[in-house]
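Below is one structure. I have some questions about it.
We just call them A, B, C and D in the order they show up, numbering each chain from 1.
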Amino acid sequence: MSPMTLPEAEIVIEVPFHDVDLMDVVWHGHYAKYLEIARCALLDKIAYNYREMRESGFAWPVIEMKIRYPKPAHLGQRIKVRARMTEYEVRLKINYVITDAATGERLTKAHTVQVAVDMKAQEMLPGSPPILYQKLGIAP
Amino acid sequence: MSPMTLPEAEIVIEVPFHDVDLMDVVWHGHYAKYLEIARCALLDKIAYNYREMRESGFAWPVIEMKIRYPKPAHLGQRIKVRARMTEYEVRLKINYVITDAATGERLTKAHTVQVAVDMKAQEMLPGSPPILYQKLGIAP
Amino acid sequence: MSPMTLPEAEIVIEVPFHDVDLMDVVWHGHYAKYLEIARCALLDKIAYNYREMRESGFAWPVIEMKIRYPKPAHLGQRIKVRARMTEYEVRLKINYVITDAATGERLTKAHTVQVAVDMKAQEMLPGSPPILYQKLGIAP
Amino acid sequence: MSPMTLPEAEIVIEVPFHDVDLMDVVWHGHYAKYLEIARCALLDKIAYNYREMRESGFAWPVIEMKIRYPKPAHLGQRIKVRARMTEYEVRLKINYVITDAATGERLTKAHTVQVAVDMKAQEMLPGSPPILYQKLGIAP
């Protein structure tokens, strides 16, 4: 499977009042929610979201998150969050780009990294378990 | 001024119920709040927190945040967040270490980057304005 | 104008991971966000949302919120929030009903009350200002 | 046992930046967190907080929350939340008063209601289970 065919997803959010701070922009911490909604849309596409992860015996905690905010988002603005899986072998890495839904202007870039944790043994796996390959339709 | 004397601050938080997710750990997005409380304690020490920033004519938006979560935090756990300013000339960079308040075990590492924005001109400054040097007690 | 014709709005939310607590249900405090999204959809219908309120010289703070939660909502559940304005003369009262979007089962009931505050005088008005009647298409 | 001797607790919170909205006041939905921190401090006093509740086989979901906000709280303001148990037989009712920590000015009043749910049977109890009486030091 070429990296080109790794799953992607796109969601649109209208910035709600409760996410805007007194500087009239989205408070930087709220972006973690936007990323999560896009990430879950992506994981839904491969039928491997939180519920299925748990049923498979693995938790996939986020162990790293990085966000760069070159431009702020404002109250009522419609923003598009595009999530794209870029790594899956040793760890699950997802890249995100947030743009203005109307103009396409780039606002924010981010990535998250998750690793598989065996829920019974409470141990981090050295690499992704076969179930992820299966969900991705890739031979391990 | 040696980097040794740049401001530092330390706060302790007891993980509240509403920050814990269904995996029984602090949801990764909530750490942005913990960092902010420590950052504000640090900025209070140099009398240059949000109010004073605004009065000085500058906003200091967070333009980058990176968090690494090697170990989770749990409901009721007392965690210590230590913030340390590490850059101030071109941008304001603060490093954070989160540890268990009782054992000192390292849980999380993070940094944030802020830049000065002239609120009238709505323009990002190429470097920190004199007011920051003044607050830090450093000749620009 | 009969009360029947007061504005209503309906939104659908898919419960995100970050709103679910360790009891595997939506944490009760997050409902304030759901109500707000529905309330803003309602206020958009009469072109009197936060921006227009501010431009009209009035803030409309929420001075009361009551929520009853007979049934919990779960991760991934699609819930419908229906908001209906029920008072507008002395105060702006909105009633909410949250149901499961698929089955129609009733989950939550709530109301919020807002009052007009003159932003210049920083004073609460004894009754709604003419602008609200105008937006509602009602003679004051 | 007279109502006078039911448990009480008091906490102080310094309003953080991330709880303030663009009207420069605490967004009304964030108060649910403040109430919870005070409620947990109260439940800690009788050694019957979330963990002990779970171990006792009962969940105690909040089934009602009402908040009245006569006065707003502002960034950096130190507010005191006082929680007082007022009912425990059929349901667990807690009343809250939020005041300015410095002046004692009353800002907010609230109450929450919780009921016991048998976690195995997934059924609401018609009245509080013996464990609550025991924790309160009252003969059922």
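Criterion: a contact is a pair of C-beta atoms (placed from the backbone, for glycine too) under 8 Å apart; a residue touches a chain by one contact, two chains touch by 3 or more.
This one's a predicted model, so the numbers in the text were calculated from it and none came from an experiment.
A.B. asks: Minimal path length between chain C and chain D through chains that touch?
C.D. replies: Counted as steps through touching chains, the separation is 1.
A.B. asks: Relative to chain A, which chain's C-alpha centre is the most remote?
C.D. replies: D
A.B. asks: How many Å are there between the centre of chain B and the centre of chain C, using C-alpha atoms for each centre?
C.D. replies: Those two chain centres are 34 Å apart.
A.B. asks: How many Å are there between the centre of chain A and the centre of chain C, using C-alpha atoms for each centre?
C.D. replies: 30
A.B. asks: For chain A versus chain B, what separation do you get between their C-alpha means, in angstrom?
C.D. replies: Averaging C-alpha atoms per chain gives centres 24 Å apart.
A.B. asks: On chain B, where are the residues touching two or more other chains?
C.D. replies: Each of 17-18, 22-23, 29, 32-33, 36, 50, 75 in chain B touches at least two other chains.
A.B. asks: Give the list of chain C residues in touch with chain B in this complex.
C.D. replies: 17-18, 20-24, 27, 29, 75
A.B. asks: Show me the residue ranges of chain D that touch chain C in the complex, using the header's touch definition.
C.D. replies: Chain D residues touching chain C: 22-23, 25, 28-29, 32-33, 36, 50, 59, 61-70, 72.
A.B. asks: If you look only at chain A, which of its residues touch chain C in the complex?
C.D. replies: Those in contact with chain C are residues 16-18, 32-33, 36-37, 40, 49-51, 75-76.
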